[in-house]
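The structures considered in this document are given below.
Both of the next two complexes hold chain A, though its partner changes from chain B to chain C.
Up next, the complex of A and B:
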């Protein structure tokens, strides 16, 4: 990184960049959430199932996010791991109305937590219990019990209920994530010294 | 000092861009992973590493699947960069790695996003990359986007979509066919010319097998006036191709009109394309060619060298088919002969040689020599060919022309050029009696100072064959004997053989020849001595038949077959004598290749000839069950037993051996939903089946052969024609065309084929007799049969000659298969060898009177053969 960009960052003109991966089962609303997080003028109205992945950029008040929006379809899930290596944060989206597939989501989550590229890192994981407006939606507490989030000990995590269509709950989650990522990055820096 | 020098050397190597030279694959891939996985990515560094990856890929280094996949995923992370250069390099890398990496499908969404995004610079390359990574199953998911892109208002995007679809159409034609509505829309858009061009290209690719659709395509787009030049050129090519394939189509006139209309187009490119296509259509007559020639004539005086070259090239091609039509341009072509561009000048020259009248030949030829020195060998060969064809056209000028050829022969030149010249001279002396002496003496002069052994031996062989027929054969002997004194062993051996030829044909020269041969017998080379000794012994025996069969006669046996027969003979106990009659006869075509060396002019030449001849292998040797029938006496050409484009296509080749006919049926199954098993062909008729070799399994689209062997009766009971009814027999197993899964059950089925006829021609192999009359005398009148027939169905002599020639399957000798114009009588001389090694000669005297009357005389070494042939004609 050049000296000017360092300076710019210090002055707060330019936000620090970070990579996050957005995962979750198909039809849980990953692309919709990211679409909502983007500035208003670049949002699209039609969301189609993602094939492979997409890169979306959005920013919170202190960070610039490069989000790898992974496809949730079964045949692409084993490709998520290619993007774990250099990520500083994970967003795991849960379809809170899909009680039936909770075990599947649990399974995928376990694989993510145990993955060699992530297991030793204290990468923050943000859970969105999406579709909270849905009639059969489970509460965020219920979701965390079903996914046994309490058992995650080596990573900071947070779950918040969200509605990707209205944007409800998204800011709360993203703010938590950016705080965590900042401290994570600070940690890394300190350790490197 | 040392270090300094090395630096300097590296500089000289032009290694200004050090970083891209001598790249190591693994270190580049390592670097790629390190750079692309960083956060945030540095654009400048990334584009450099991407360039390195491309370099490694293009050097053709093999990258393992795992390595490639890892690198590919590292590259996909660069989609986070919004740098213009990086992104475009990413697209290129994706395309190049599409086939070597796993899971390339991962970038589908990213690419579709770019393709529909706001950045125009990204859209076209994203489409190209997308089409490359998408396989047949995923194609559906991008269909809608492709259709939209085709009619996009940005020309680059539309063009990219259209050209990518052409690539997709190669593997998935049926999917692309659904996109044609959009392509048609793009084709008729009035905007960018390139889009129209690509759209028409796509429409044609998708429909090229459907003649009707192609015709519609042309006629529809021909009507649109404001068409881009590129699209127009493509339409002309399509139309020309359609006309070429099938000019009997009902509205071929419309296509023709379109092409001719394009001659008045405002773009030079289109005009040229139209003219070229008109010339390329073989069916054109001089009247149709005239407009094309006149625009080309205008191009001849164009200031642009490319146009001049194009025009003169096309005119040269036109002159080969219709010299009369091109002769209108003679004046322009003569101007072009002084063109600064040598290629243009030479082409103009050779065109003029083709079109020029008899009167201008001499003047032209004089000009040739003036610039022959400046041009390359290939162009020289071109000129020599033109001169050669001129000799054929104007026999009266042959002696002038052969003088020119001889003049060229004295100039410097490579072996190709010289052999073209020698070929031309030999052709001249074949064609024309008057020119023969002159040509022969030019050749003699040439070998006096010839550094190419192959050419020298060739010329010596020709001298040996043609020299004795001239008025003063003695004149050549000095030239030939000089070779014996001066040249290499191979040439000396050829010279000895040539001398022996003179001795055999000119009895008055024999004593002197014997003296010379005795001297040759003291040569230091084995081959030369052996030949001389053999010839001396033969001459001293004074046995005419021995002389004629070993010296003056020609060998008709195929060298390869003789070699093989002898090898086989040595494997046996050798108790019986070797029978020359079992050796297959070489067809005159094959002899043409070996003729330079056939009677053994030089020990090195036959090696080359044999290498060529072995290409034509004995087809029966390859099938173990049939090897016992080998060798093949004669194989017919393939004969289609089904219509084209039927469910099963079968063609038959008849291999006639000593006592059997092996019928080789080449079958192809065109039904994708069937797998055929135990395929064989049943033949019914006058002949007994002795053996069948079937095809175990015949998949769709594969050509395989099954064989049926029938036994021939001996010559006594041989009738002139056998008709065999053929049926294709097989077991069908249904299978799924897409997965290739085969059902368990099978059922028998058959398919009726057309009949096969085994005619007289199948029993007779062609043999070229140089001196037919001598051979006729030699066979003697004891087995002669004569008969007269009236061929009422024929109207011209040429037609009758052609008919007899193909019916008997014999070689026409002494060029008697060409009937001079305006004659009412003609004699056709035929020679051949009947199965079993019986020589057959046929003389057929034809006269024109209310149809054609034919008097047929047959001589053969076997009376039964003579009889059979006379019967078969009747």
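Up next, the complex of A and C:
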């Protein structure tokens, strides 16, 4: 970081930057969520299944996010772990209407939590129980029981029911994540000194 | 909440090593699904990117037969089926957008087609000619010219002559006597029809090989025929007659280009049909009835009722055979494109499902109940899903873990070649001697061959001479003379110097007794003294064993031994009939003293 951007940051003109990975099974709505989080004028209307990954930028009140929108398809899931090293936050999107694949989501989550690049870090994890508008959607409480979120011990986590089409629930989640990432970054800095 | 608890219940085998490769997605012990692999299909029948599970439920076998469709873990639709279902497939029958596949259910002599889960079309198999005598018997019964017992007698007679009867006649013959007349009055006025029954159903792509290309239906019938149906007009494109009742089909290729249908028949014969070729001989014959047929690459894998899994090449050569620990209930193909895995899943009576790649057992899944129906494929949005139904009617859905690997090593009993076979042997370099010998052999091959042949002839001549001599002298213990069917065997008991000779005689003929025989011994009198040198033999009854004994004393104490010959002779002739040669053991007395 150059001296000017540091200054700008301190003055509150430029927001602090951070990297996050957005993961979850295919069709869970990751791309739709990120699209909705972008400013209105840069949103697209057609969303296709992601191939490999895309990098998206969006900002909250206090943070500028570089989000790695990973593809959730089985054959691309092995890409996820390559982005764990440099990330300060994780968004895990669950399709709450896909009851059948909850065990698959849980299996992927377990692998994420136990990954060497993440296992010892207190990286905050935000869960979106997406598609809450769906007829067969499970509640966020039920999603967290099925994924056994209460067993995550060394990372702050939070689950929000969301609807990526209308944007419901997204702000709540992103605000929580911003706060957590800021304190996580502060922690890191303190430790470095 | 039921969902969560049911998932927990299947935890019994969670810790079993083989089950750890799979995620338990769903377990419903009360699904009451009674079906088998041919009646299960996975397909995107609503064109919404989510595959549904389509099951033809056999119910009790006489009623409650239903076509059930599951969306995820919940039952989405149910349609009643009139007769027992024998196969379910999904196929694209047209090009209209959105591309929705149709469901075909084989049941009785019909194929029911459903589109968007609504009945769409019913195809009826052509009726067959009826046996004239059977037809006239029913006409006579209708006009009251004969009564039911006579009708029964006629039909029974026809059946025992091997005439294939109509379903009505067969039902009639099955009835208890007091129900016969009501049956006849009920049915006699409707025309008699000979209808065949579909035994198996498959699909064959018509002219393109894409996943969503239009497919023809291929079906086998109880009356020894395979039909290929046009998917748009439902006309019969091709009929192929085969010599036995087809029960399993495996179809490859394109109808318009080239195709091959491998057919396993109920009698264990397996035929291979090609476009435009006649069916003559089976490619191979199984040792037992088939319970499943799959083509994996170029090989044909068949599961049989004698607890074996067998693999053949397309030419019919047996490549391997594996024995299962219990009866095989079903077999299905398993293909995971992402992992590049091709294998078969075998459902076994002992509550296990085995996964074989080639002949190697790579995974064993333990289940709560014996699995009777298996399908592997995309369900919902998950590509590698294993759907299983059990004997008790439960439904299990497992998903292959992304990180799961199938290695031959984790098999409990690996039947492959040992690892040491892969190691390179330390073969020494060719020596000069070896090279010289090779050269010599190459140069003198003709001479060497001639020499070898010469010696071979001499050996044969020598053998023939000795044989002739032994025949002349009757030196062998079994008589070669058909007039004297006798067998002799001699044992020696004891350690010496006193031995006991035990001679056994048997008349091997069926009914001609032997008379006037005696036994005598030939020996070196300086070495041995025999107690009875002549034993008269009584009348020999055919088949019985006669035992004679004599003591022999060894006179020498120098530790030498000789042979004693036992002759069976007739008073009138000087050559013995048969001879037994006894190699006497060395007398042990010297060692003892």
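Please note the rule applied: the second predicted complex is superposed on the first by the 193 of 193 C-alpha atoms of A that agree within 3 Å, B and C clash if a C-alpha of one lies under 4 Å from a C-alpha of the other, contacts with A are read in each partner's own complex, and residues count from 1 in each chain.
To be clear about the criterion, contacts are C-beta pairs under 8 Å (C-beta built on N, C-alpha and C of every residue); 3 or more make two chains touch, one makes a residue touch a chain.
As the structure is a prediction and not an experimental result, all values here were calculated from the model.
K.L.:
Overlaying on chain A: chain B and chain C, fit or clash?
P.N.:
Once both complexes are aligned on chain A, chain B and chain C fit side by side.
K.L.:
One more residue to check, A:145. First (chain B), second (chain C), both or neither?
P.N.:
So A:145 only meets chain C here.
K.L.:
Taking the superposition on A as described, I'd like to know which of chain B and chain C A:86 touches: first, second, both or neither.
P.N.:
In the superposition, A:86 touches chain B alone.
K.L.:
I'd like to know which partner A:176 touches here: chain B for first, chain C for second, both or neither.
P.N.:
In the superposition, A:176 contacts neither chain B nor chain C.
K.L.:
Check whether A:111 is in contact with chain B, with chain C, with both or with neither, and answer first, second, both or neither.
P.N.:
In the superposition, A:111 touches chain C alone.
K.L.:
Looking at A:52 after the superposition, I want to know if it touches chain B, chain C, both of them or none. Which is it: first, second, both, neither?
P.N.:
first
K.L.:
Scan A:18 for contacts with chain B and chain C and give back first, second, both or neither.
P.N.:
first
K.L.:
After superposition on the shared chain, which partner residues are touched by A:76: those of chain B (first), chain C (second), both, or neither?
P.N.:
In the superposition, A:76 contacts chain B only.
K.L.:
Using only C-alpha atoms, work out how near chain B sits to chain C after the chain A superposition, in angstrom.
P.N.:
Superposed model gives a least chain B-chain C C-alpha distance of 5 Å.
K.L.:
Which parts of chain A are touched by chain B and by chain C alike?
P.N.:
Looking at chain A, the two contact sets are disjoint.
K.L.:
What does chain A use to touch chain B in their complex?
P.N.:
Residues 1, 17-19, 50-55, 57, 66, 68, 71, 76, 79, 82-83, 85-86, 88 of chain A touch chain B in their complex.
K.L.:
Flag every residue of chain B that touches chain A in the complex, lowest number first.
P.N.:
So the residues of chain B touching chain A come out as 37-40, 73, 76-77, 79-80, 82, 103, 105-110, 112-113, 138, 141.
K.L.:
Hey, which residues of chain A end up touching chain C in the complex?
P.N.:
Its residues touching chain C are 25-27, 74-75, 77-78, 98-104, 106-108, 111, 136, 145-146.
K.L.:
Please give the residue numbers of chain C that touch chain A in the complex, ascending.
P.N.:
3-4, 7, 23-26, 49, 72-74, 338, 379-384, 397, 399, 401-403
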